[in-house]
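Presented sequentially are two complexes of subunit A, the first with subunit B as partner and the second with subunit C.
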Partner chain A sequence: MNSEHEPKIVAFLCKWCSSAGSDMAGVSRLEYPSNVIPITVMCSGSVSPLYILSAFNLGADGVLVSGCHPGDCHYIKGNMYARRRMALLKELLPYIGLEPERFQMSWVSAAEGLKFTQIIKEFVKQLKPLGPQTQLRRSL
Partner chain B sequence: MVEVEKIREEARRLLQEGQVRGVIGYVRGPQGVWAVPAMIRNPEDVDRLVWNPTCVHNLVLFVVEEKKEQARQKEPDKRPLAVVVKGCDSRAINVLLQEKFIEREEVILLGVSCENSGVVDKKKLLNLVPSQKIEEIVYGNNGHIVAVIDGERRVFPPEEVLADRCLECQANFPVVYDHFFGEKIKKEAINTSPGVDKIEKMRLEERRRFWEEELSRCLRCYACRSVCPMCYCTECVVDPISFAVEPTTTAEEKAKKIKWIEKSPLLSENFVYHLVRAIHLAGRCVDCGECERVCPEDIPIRLLNKKLEREAWRLFNYVAGMDSQAPSLFSTFKETDPEDFIR
Partner chain C sequence: MRKKIGVFVCHCGINIAGTVDVKKVAQELSEFPGVSYTVDYVYMCSDPGQNLIIQKIKEEKLDGVVVACCSPNLHETTFRRAAQSAGLNPYECEIANIREQCSWVHKDKDKATEKAIKITKGIVEKLRWNEPLQPIKVPVTKRALIIGGGIAGIQTALDLANSDIEVVLVEKNPSIGGHMIQLSETFPTLDCSQCILTPKMVEVSKHPKIKLYTYSEVQEVTGYVGNFQAKILKKPRYVDPDKCTLCDECTQVCPVVVPNEFDLGLTGRKAIYIPFPQAIPATYTLDIEACPGVLPIACGKCWDVCEPKAIDFDMKPEIVEEKVGAIVVATGYDLYDKKNMAEYGYGKYPDVLDGLQFERLLSASGPTRGKILRPSDHKEPKEIVFIQCVGSRDPELHNKYCSKICCMYTAKHAKLYKHHVHDGQAYVFYIDIRAGGKGYEEFVNRTMEEEGVLYLRGKVSKVFEENGKLVVWGVDTLAGQDIEIRADMVVLAMAIRPSSGAEKLAKILKAAQDTDGFFAEAHPKLRPVESLTAGVFLAGVAQAPKDIPDTVAQAGGAAIKVVSILSQPELLHSPLVAQVNEHLCTGCSMCVDVCPFSALSIVEGKAKVNEVLCEGCGTCAATCLRSAIEVKNLTHLQVHDMLTASLGGLK
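== the complex of A and B ==
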């Protein structure tokens, strides 16, 4: 595998916690790899599995979905619905042969800038040895 | 035993009294012994109704189609539809009720038991009996299937000729019905899903190769989508044609339209299509097996649905279509849902 490969991560961050958490990492001047493309969504519960498949389809090497901790959701229970949906997707992707590391989910609160950087650092570390994701990538 | 005459009697009564606008059932098809679905509107026609192991179709599809058709009518016929349902079909009705796509009063369910057996897989039977000269296929004892070929009775054990889904079925009688024909016999599944077991035992690369081989054959004819009673959306995410393009639509507007998946049957797009399809059916698929039956390329589509069925049970203790009053899989959650995969 190409160890020089720089993975591309698409991160769906909820507006109220995880996106603010990544902001916190920024204003705290914490360093983390620049491989991540953040997409702010209103709630992790608004992330359809189709978004994730589409991200892989358009060339992502890894996808992260991040929301508020259970009980902290701005919309009370959006993240709980997300948890159910993503649990099934998490089982389905390795079933068709995609490496399980490529799709991850996390709870990051607005105060956890440090946790956000750690998650991204570890994600990149896990993705590098896997090389580029080609299974779902559109090959036109 | 299900007595066909009783089904006919009930259908005739419903039609004569004008209680229903039609009876959806099985009739003997043009290809000899193989049954086909039919909408019966005249009481004189009810004698065409049959019930035998070739009644493979999920007739709930036509309830969905009729519902859409009636919605287009200026003066819709408000009377209910009578429909013959097997165990799996009745669970499909439950899912539609759960999702409030139909109301209970809109259908009169003529439940039939699968006679402690199931329906025949045409391909399996024609492999054993090369001639198409089968005159009749009926249920025998202990789930056996009897085929009359050239006047001679041949008995087949269930595991040789039944559809895979019937061998894996654990509830071969309706869970919701108005009239019931036959006996409720709880059957033991022979194996709940050997196909899924097989894939789960493979290494990651083997699984990828397996699915690449299968899905590369997909033509994207969408037969699996058309035949599925759960795929009732009028607009589908994989269908770019469903976005209205008018003469006044500018190129810029067209470019801005979200196009999730390319139309061409590329391997990557096929993967995304089948994953989207499987996810959309998670907790809704009742394993009627129609998608796999109609696939012109024999892609084992059921294996994707079965996997999610298994995970829905393992993670959330959820079985699709057993209770029309319970919330659907994704419209509810529990505090104790697993989250060990979340960091």
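== the complex of A and C ==
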């Protein structure tokens, strides 16, 4: 059953690089799985760890945060804060019973449409065997 | 009261409608809480499409509009303008991207439709909590700061001053003129470089709108576009320019001789000196590093002979503050450091010169009055070797980029050499000839054909001295053979590097540098004179290697960019900035520490946002433990509701 599971993914994309990169994937008509719902934020540095936990709480099977490459941040160093914060969060996920593979951070520039699709494809592949995320899902 | 939201779904011909069931998206959204009107239309961005939005905002009395269409990068402005013309605040209009991020990247119509519905619902949830906002108005200081007094800075300063804008021009050396004033003649017309530059230098010094600081450096810049404050360090020159009569008595008695920077060490100068006769400002400077001591006991000979008493040993460094609205970086270049080129004997053998030294030899005002003579024995070189790409286009060992001007100035050097030494033989080692420019290709061809300069395609491996000759070991890759030339002089076309102060200045201005150390432009094609920092512009080689015509053109471009800012009565700044909930803020200052723009401070125990400095990145919002600071129209609540809409409907 697990292999049939279609994971629900939320992707927080920074406006200047990764969201533009996903636009580039569109312009280039590069296909990728439709499991991912994009949410455009100003900077990866604005993604609070709370957003990620909220996403899991609301039933996401996987969460992606994607920003500009280190050193290329539109806001000088927002992605550096994101990198530190997200690395720490990933370390902490097992303590609340969540597989760290359910969370991923990536760097996609405005030109890297192909890389964006590859990241989504890989992430979906990685999430499928894990099945539905139930540990943090709020029971409604 | 809940907003009345209208959702407008675009077909984009078949671009969206081909993969997404737009009727179903409109239908589903019409049942979504808060949505009071939905419609789908073939091209929303067309005039009839926009009119439909305007008409329905009025008829249905909508408080907010979501257009489900292409990326907001394309038509956000279009639809916000349309909403505004219907009387809505533009920030009450949001775009749901269902084309680039949905219809164009999926094939399964059911899945794509389901995703488009979720994306649109998410944006409706965001819009529900949007506040109407007005752009922040910022006053403008109608003055410009130009850093660097070479041809780039001079041209920018003149263009701006002639546009009736006050200019502050800062140059670190005792005189303006930059490298161009050192050159002999310029390619491809062989104009005398000093003859065409000195009128501009004089114009700078006489222009009522230009305030000139020479022997000065920018130390600190605070503020933001339209309102910068710059601190400028005026180094003491120990000579009062107003009193100095240029009588030259001081240099006659000065006992100290040091290498002359203007002649690149080919001659000497005294500790008190004027860089060159046409220097602007026309005055002497006392080099305090070389002077035996400002204590009159140690020397003081110059002070003794100075009739008008222009020399003042007690002069102190001075810091002046200038307020400006825009800044132009025109810091130019240095040649690649000679210590990196040991294999060519540069710095070891006196007759191995760099391009600028050779310019000084060619110059009528140079150390040899325009005669080409070997520095070692003052004999005329009968065989001369020019080596191109020294330190350029060599990613393994040196710089990976092309320094761009060397092909042309080497051709000029070889040509001028032949004009001076008719019976001499010139050789040029090159990788490729890059002569892209008006009249450039013809110029190189003439050097080859009319002057008989021998061009050899290949690199030189080694230069060494033997019996008073410089032995050049190279290879001719076209003939496929090793070459040995016993030359009298070798001239190296050294790579161009960003000016030595560029890194420090980039930090002061918070302007990015590229991987080679040149100032990074905002866009390589469409914004080549703007830096990534608003209000900071680039001119000349500070941005990338380029020749004089390109530099002058870019300087004019930078000037008009400055005018386009300073001619406005006030600047508009995006209102999507951070705001503080003072009831929750404890004044812990964590947000202040992470802000990349120094836009936050603690005032009376609470965080305070400088809305003009804030770029709205939201790094503070993710840092605050109490959610006391958030970015307008993208609050934690809005993100949470977007997540709920995006995930809630999933089975």
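Throughout what follows, the second predicted complex is superposed on the first by the 139 of 140 C-alpha atoms of A that agree within 3 Å, B and C clash if a C-alpha of one lies under 4 Å from a C-alpha of the other, contacts with A are read in each partner's own complex, and residues count from 1 in each chain.
Going forward, a contact is a pair of C-beta atoms (placed from the backbone, for glycine too) under 8 Å apart; a residue touches a chain by one contact, two chains touch by 3 or more.
Everything numeric here is computed off the predicted structure, so don't read it as measured data.
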With the two structures laid over each other on chain A, which partner does A:Tyr95 touch: subunit B (first), subunit C (second), both, or neither?
first
Considering only touches as defined above, state whether A:Tyr32 meets subunit B (first), subunit C (second), both or neither.
second
Looking at the overlay, what does A:Ser54 touch: subunit B (first), subunit C (second), both, or neither?
both
Touching A:Arg85, do we find subunit B (first), subunit C (second), both, or neither?
both
If we overlay the two complexes on their shared chain A, which of subunit B and subunit C does A:Gly131 touch? Say first, second, both or neither.
neither
Using the superposition on A, tell me which residues of subunit A are in contact with subunit B and, in the other complex, with subunit C.
49-50, 54, 77, 81, 85
Where on subunit A is subunit B touching in the complex?
49-50, 53-54, 56-57, 70, 77, 80-81, 83-99, 104-107, 119, 135-140
With touch defined as at the start, can you tell me which subunit A residues reach subunit C in the complex?
8, 10, 20, 22-23, 25-27, 29-32, 34, 37-43, 45-51, 54-55, 58-60, 73-78, 81-82, 85, 117
Across the complex, what residues on subunit C touch subunit A?
71-73, 97, 99-102, 104-108, 111-112, 114-115, 118-119, 122, 510, 576, 594, 596-597, 615-619, 621-623, 627, 631, 634, 636, 639-640, 642-644, 646-648, 650
In the complex, subunit B residues that touch subunit A
199-200, 204-212, 237, 260-262, 266-269, 271-272, 275-276, 278-279, 282, 304, 307-308, 311-312, 315-316, 329-330, 333, 335, 337-339, 341-343
